[in-house]
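All chains are identified by letter, namely A, B, C, D and E, in their written order; residue positions are counted from 1 within each chain.
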Amino acid sequence: MNILLEIMLATPFIGGLLAFIGGKVHRWVRYAVAVTFSFLTLIEALVYYNATIKGVVWGSLFGSKLVLQTNPISWLFLFIVTAMSFLIVIFSIGDMEEDKIKLDSYYMQLLFVEGAMVGIVLAGDLITFFMFWEIMSWTSYFLIIYGGKKSVAAGYKYIIMSIIGAYSMFIAIAMLYVKAHSLVYADVAATLAHSSATFVVWTVVLLGIGFFVKAAVMPLHTWLPDAHSEAPSPVSPLLSGVLIKMGAYGLFIVLYGFLSVQLAGNIMPSVFSTPILLYIIQWLAALSIVLATFLAIMQEDAKRLLAYSSISQIGYVVLGIATGTSLGVAGGLFHALNHAIFKGLLFLAVGAVIYRTGTRNLSDLGGLVKKMPYTFTALLLGIIALAGVPPLNGFVSKWMIYEALLQKKEVFLLIMAFIGSTGAFLYVYRLIHSIFLGQLPKKYENVKDVPILMQFPIWVLAVLTIVFGIFPGLAMNVIVKGMKLFGFKPIAYTLFGFPQGTAMGALKVINISAVLVVAFVAAWVLFLILSKSRKVSQYDNYAAGQVVTPELKYNYSFGFYMSFGRVIKSILKLGIERIYNYWVDAAKVFGDYYMRRVYTGNLETYNSYIVIVVTIAAVAILLGGKLW
Amino acid sequence: MVKMILIAIVAPLLAFSIGLSFMMIKRKVVARIQRRYGPTIIQPIFDIMKLLLKEDNISHGVIFSLGPIIAIAGSILSVFFIPIAGLNMLTGSGDLIALLYIMAIGSLGMALGAGDSANPNASIGISRALTLMFGYDLPLVIIVISVALQYHTTDLSAIVAAQANGHWALWSLPLSAIVGFVVTYGALGEHPFDIITAPHEVATGPMVEYGGKHLGFLMINHAFHLYVEIALFVDLFLGGASNIFIFYIKMFAVFFIMMMFDEVLPRFKIDDAVRFFWKWPTVVALISLIIVLVK
Amino acid sequence: MVNIANPILLVVIPLFFTFLIALSGSFLKSGVKYLPVIAFALNLVVSLALIPEVVKNGMVIATTAGFKPPFAIDMAVDKLGLFLSIIASLLGFVASVYNLFYIDEEPQEKFHALFTLLVAGLTWMIITGDIFNLFVAFEVTSIAAFGLVGFHRDKGAIEAGFKYLVMGSIGGSFLLIGIIMLYAATGTLNIVDIAQKTSHLTFQQKLFPFAMIFTGLGIEGALFPLNAWLPDAHPAAPSSVSSILSGIMTTAAIYAIIRLTNTIFDFNQIYFFLMIFALLTLIFGEVSAFFQKDIKRMLAYSTIGQTGLFFFAFSLNTVNGLQGAFMQMVNHSLSKGMLFLVVGGMIMQVGSRNIDDFAGLGRKMKVSSFFLAIGAFSLMGLPPFFGFWSKLKIIFAALQNANAFLVASVVIILLMSVVEGAYFFKLLQVMFFGKQEKDVAVKEASYGMLFSVVVLGTVLLIISFYPSPVIDFMHKAAAEIINKNYITLALKLGGL
Amino acid sequence: MEKMTEEQVKSIANMLRKRSLWMIHYCTGCGAMELPPTMTSRYDMERFGLAPYVTSRQADILLITGYLNVKTLRRVITVYEQMLDPKYVIGFGSCTLNGGVYWDSYAVIKQLDRYIPADLYIAGCMPRPEAVISAFRHLMELIDSGKADGYKRYKRNLAYYKENQRKVLG
Amino acid sequence: MIYYVGSFLLIALGLYAVIIKKNLIKILIGLDLIASGVNLLIISIGYVKGGTAPIFSRAGLKASMMVDPIPQALTLTAIVIDASEMALAVAFVVLLYKYYGTLDIKKIRSLKW
């Protein structure tokens, strides 16, 4: 049984190599191999449902054991990784066309990223974790830059920020290694339990920077909008749905696997009964919720909009995880799952639209609901889930986070979380409106819905939004069981929601949805009784008597929230990215300047360097080996 | 079981009739404020019936038709989560926070349908509606949080119960109540926040392409909407009621005061409306919230 | 049966072939190019044959001319020397195979003679047990390198060669001064013998020769600010030569510094200064590399940076640090050697050294660019390549007894790694995803050239995926050096 | 029985329709001047359930307030066709009857009824608000008795109307 | 002692020439001066005042009176190396003059940064 853990880790890597080799034979061999191996990984992952395995040693390095493990929390993320990867592989077959771009290594990279993420989730020690973390970074970099010319710059930004984040983690890991000489999670936890507060804080902060870069929490998010929007359509959901969750997973492991709320509370002051470190994380998360929402509202590019939305939603995940209460952490973890589902769905659906229309500029699209009804319906479910409207899944997890914050009386964070959710209405509506509603441009009159290979993953995810929305207990089974292992008090839950007492109110999603369905049916019946309506063309439209012709663009989609933009102008001006760019430019100028002063190309200068060194040495000798 | 079904049928009808009665009264009262005679008291019924009985209806597509239906379904759904007169209905299945989002279902459906009408006026109207919603949501959530913290629960029926015997939140949280009153204007799209439908600018906004039975449905939905928003205010701040008449009286009082201001106010520009909501109501609500926190 | 496990052969064989090439050039004509291949194949066999001996005894010592040390010149191969000499032989072999297809310029016999001499000198420098021999090997290497850098005889090559020559000969003079001061103080030239006699010397007496030797070797070993010749010379040289220069020469020079510092000059005060040198080298190398448009120049600056990195690890003066330094040396030699070979093939196809002209090569020269990516990843220290393990070790070692300065240095190292990532990824993205504007007919490099690349790449991949033998070996080697086992072993085996 | 019920439904519907007439706020000529007093406090047409509405989809009455030139006619036809059945047209002022003072203008159409079916005309230049209200009352009676069937005529004689429209509009 | 001072003066002079002089040939002369200084240094280390050549076959010669032979061997080696280096350098200078038409080191800086 335990050997399967290593097999599972190896499966995607082997599959990737085989897909690469098989692709030389025929492209369908490549597809078959990729689908088979990603499906195998999914099956292997499902085997470990609710299992807890500790310490499968698979090697050792520098005296620290390399360990694999799994527990329900890992399983949750494992499920996200493997299921999403499987669906994305299927979608890729439909979406990535061989004749447009060369795909020699695309599936290899895809499976490698999957394998790396499986490795991260299964890692039982920090070296394994870090190793797979880095592998994930560079393999996903190659996936991002499959998206064409612009994506290269985006990928560059991504990989540089990833490396910075990873090295920040690296320092923390090295500090821990030096202190404990073992990086197995349990040993790390034991070490931190007996360390000074400064050490703990530094460790957590340095690790946290790494996770925050990947999870795109606000001051470190600047790679995400570019990378997510420029990446090829099937890669964006992988990045947004799965990859950034690794940051959340890492944060969870660090905060509750290594530290614990009690421990953190012992060594640092508390605010609102939260250790100050967690409180700061909460604020960062809340800021990214609000600011990213504002930015998402102002986007004109469908994928960029979704990318900013990802920042905002991952803010909820981090906010939930950082609350430190059972309800909040469970909500955060659940939201990670939900966000993977609905954001994956949205990116795939938008990918389907891009596949058919070739553009993701919102103001160029419109009216596609008549042409792509299935994609529309799926995307509708996705945005409802994203906006946190019952009865779909996004609502339940957000509700849990709100209640947890309310219980802790962290009202300002709660207000920000609420605002982000209301703002989500704005941008999701903008998305669906500009793509599917409004006037259909003439050039898209012959657009069809996407092929079944692309429909399938979209609809699987769409069904999952409903399933996890109405039956949150399914996910809670795993989460609550896993959290018990991390020392959390289990929360009470039912299959359909949460009874009174868990939070400050009760929730039973099945009732909401049942009443909604009944009310809907009643209204619909009334509607049908009345005289039938006749379908009119989109050009038969009120325009104060003006005759609308296809040549006339009679649509409102550019600058949809321009008036709102005026309200938040001062906030939009802040521009974290500009600050970064400023410093990078300054560093470049400085580097160039000194280089021109040092490597002048003049031999005399070079020779004088030798003399300077010798002189310094002579001075050192005269001073008896001391320069100061 | 029978009682449940009975409630399930009666509650929406009750809500509708209350809402409708407000619509009736409003037409008349507004006319009187404007020194007019005004229509007959049951004029809204004529309007709705006429619209429903139109011989010809147009549709721009399935979503266009679904819009009003989802809107009504969402409104009916929210009716069940607002306790009236001792009837708690579904408050055990979804608390105050859930209610805030349940109330959004109808708007979302409406927005979808309006969007499908392929008319830029509708799009502008929706854009304004959502922007305004973003605007008033900030003070709204703050006051909701204040009330929830005041009574240590988010269960609306518990909040109502805690306000029994005249211990209204209006007395304990007067600032929040004032803000809640202002927010209700925004939520109902009344003056000065009727920027969404502003007929002279965007030709009734989202409803621009709706006519016939669709428009009739939207008017029905408006009745529900009136009921939901005002009933929520009454439940939050005026302690609900033990029987339906007192509840109606309280609602009527709120609505009447609203109308008094309503018709004499001009219209905000949309960004000014947001700025307004994010300025004074937010500040006042925050003060109230801090008072609750400190207490 | 001749015992081929004799370190002297490592020097003698290539030297012999050097003369053979020079002599036979006139009548063998183009056939002369096969001679270096034979020489280094033999060398490789010899160095591999040394492995069991070294593993068994810890060291192999061979003496010349029938005298006993310290009067005779001796060759001492311990674990580290063995490893480096294997790499030197391997790189020499691979590069000479590469030369078969790469060098078509006349005079061929002079190139091959100098090339063989270069590698011979480097091997000599690594395995010698005598400091004057070190100087001679240094000068042999240098002169061969001067000639090879100027081999193309175009404007840039001549200028680079001249600058290198001036700086190199100044360096040689300083090295000689240092050696002679040591001789003056101890009266012997054998390293082990000196090591035993330096104990009574005062710190300043030791410091003076050290400073001179450090300056001399530092010029060759690309330590800032003595490395100004390097970014000129490496690009100017033919790529196979750059590969040797970058892969082995800096490593060998740093090896010599490590060997002498740890064996002869037994002082702790100096390491702090060395660390500053190392960090400066690192910073200036990496940052300058970032601004380069010329790919070989970029790689040359990168070499400076890498040197700084492993010199830093050495200057930690702990077993772990030294182990990290050795691992990084191995990584650097293999990766950078491979990169220069790959790039050489690409330059041949593209006809330009400008990075922008490399656009789209990833699709046309798949094998080459694949190995270039691997080499770059290994240098950046991305897992699962060997560079990751060495960087991990270096950082772990640096934080072992962390003080504020070390933590700051770690931050600098990692920052510079980011810069390194920045320029390597820039290169990769241009190669794999850039659009070629010029319409150049680009083919894959010839199989012979690919062979060399693939051999190095495979070795790199093998040690990447099975790092533990190398890591353990390096740990032992580092422990031996720190614990001065070199002296005890040499004494036991008659190295004195 | 079935027929009876249908009749009854129709009469109820007509009763409802006449109590709630929504007028599109589309002003073509100078006659629109007379509408503000009709709407506001002095005469308050809301008494009869009349209200100005904005879009063609929502309205029941199309009030042609004054002369129509060729350019406007195109818009008026579009608006009329966009309105939902049942819909009514009132020609307002002499211009809609015979061109009024513009009887010899090449750009003004003389007789509204040739292009869209008018249920009712209000004579006068200008008709007073009293006359307007009287016309509305009259229209209500027509609706109640089922005689206001302009929209049916339009459908029946569509070819005729289209032909006339085409002649003018080209 | 005078030898030491002399040799270091030579080295310093050579360094001065290498750094300050613009002419390539003068730089080479500087290099040669350094080399000579080093050679002088080596010789002077082995020098014993009043000593003789270290020829063991001559009888009655005390070891302490002999000049140390090793430095002399070293010097020979060093001279050979210097000579070959200088030859190479002169070849370079010839080629440089061909390409740049000047011997001014300030003008020969096409490789930089």
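By our rule, contacts are C-beta pairs under 8 Å (C-beta built on N, C-alpha and C of every residue); 3 or more make two chains touch, one makes a residue touch a chain.
All of these numbers come straight from a predicted model, not from anything done at the bench.
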| item | value |
| --- | --- |
| Between chain C and chain E, the fewest steps along chains that touch one another | 1 |
| Common touching chains of chain D and chain B | A |
| Central subunit by CA centre of mass proxy | A |
| Centroid-based (C-alpha) most distant chain relative to chain C | D |
| Result of counting contacting C-beta pairs for A-C and A-E, higher pair | A-C |
| Chain centre separation in whole Å, for chain D relative to chain C (CA means) | 97 |
| Cα-centroid distance, chain B relative to chain E, in whole angstrom | 99 |
| Centroid distance [mean C-alpha coordinates] between chain C and chain B, Å | 78 |
| Averaged-CA centre spacing for the pair chain B and chain A, given as whole angstrom | 36 |
| Multi-chain contact sites of chain A, meaning residues that touch two or more partners | 540, 542, 544, 595, 599, 601, 603, 607 |
| Where chain B touches two or more other chains, by residue | 53-58, 203, 208-209, 212 |
| Residues of chain C engaged with two or more neighbouring chains | 162-163, 166, 170, 231-232, 288, 291 |
| All pairs of touching chains, each written as two labels joined by a dash | A-B, A-C, A-D, A-E, B-D, C-E |
| Chain A partner contacts - residues on chain C that touch it in the complex | 162-163, 166-167, 170-171, 174, 203-204, 207-208, 211-212, 214-215, 218-219, 225-226, 228-229, 231-232, 267, 269-270, 273, 284, 287-288, 290-291, 363, 366, 377, 380, 382-384, 388-389, 392-393, 395-396, 398-400, 402, 407, 410-411, 414-415, 417-418, 421-422, 425-426, 429, 432-435, 467-468, 471 |
| Sites on chain E touched by chain C in the complex | 11, 15, 18, 24, 27, 31, 34-35, 37-38, 41-42, 45, 70-71, 74, 77-78, 81-82, 84-85, 88-89, 92-93, 95-96, 99-100, 108-111, 113 |
| Complex contact set, residues of chain A against chain B | 366-367, 369-370, 373, 376, 380, 384, 387-390, 395, 399, 402-403, 406, 409, 411, 414-415, 418-419, 421-423, 425-426, 429, 432-433, 437-440, 497, 500, 503-512, 515-516, 518-520, 522-524, 527, 530-536, 538, 540-544, 554-557, 560-561, 563-564, 566-567 |
| Residue ranges of chain A touching chain E (in the complex, touch as defined) | 595-596, 599-604, 607-608, 611 |
| Footprint of chain A on chain E - complex, ascending | 15, 18-20, 22, 27, 105-106, 108-113 |
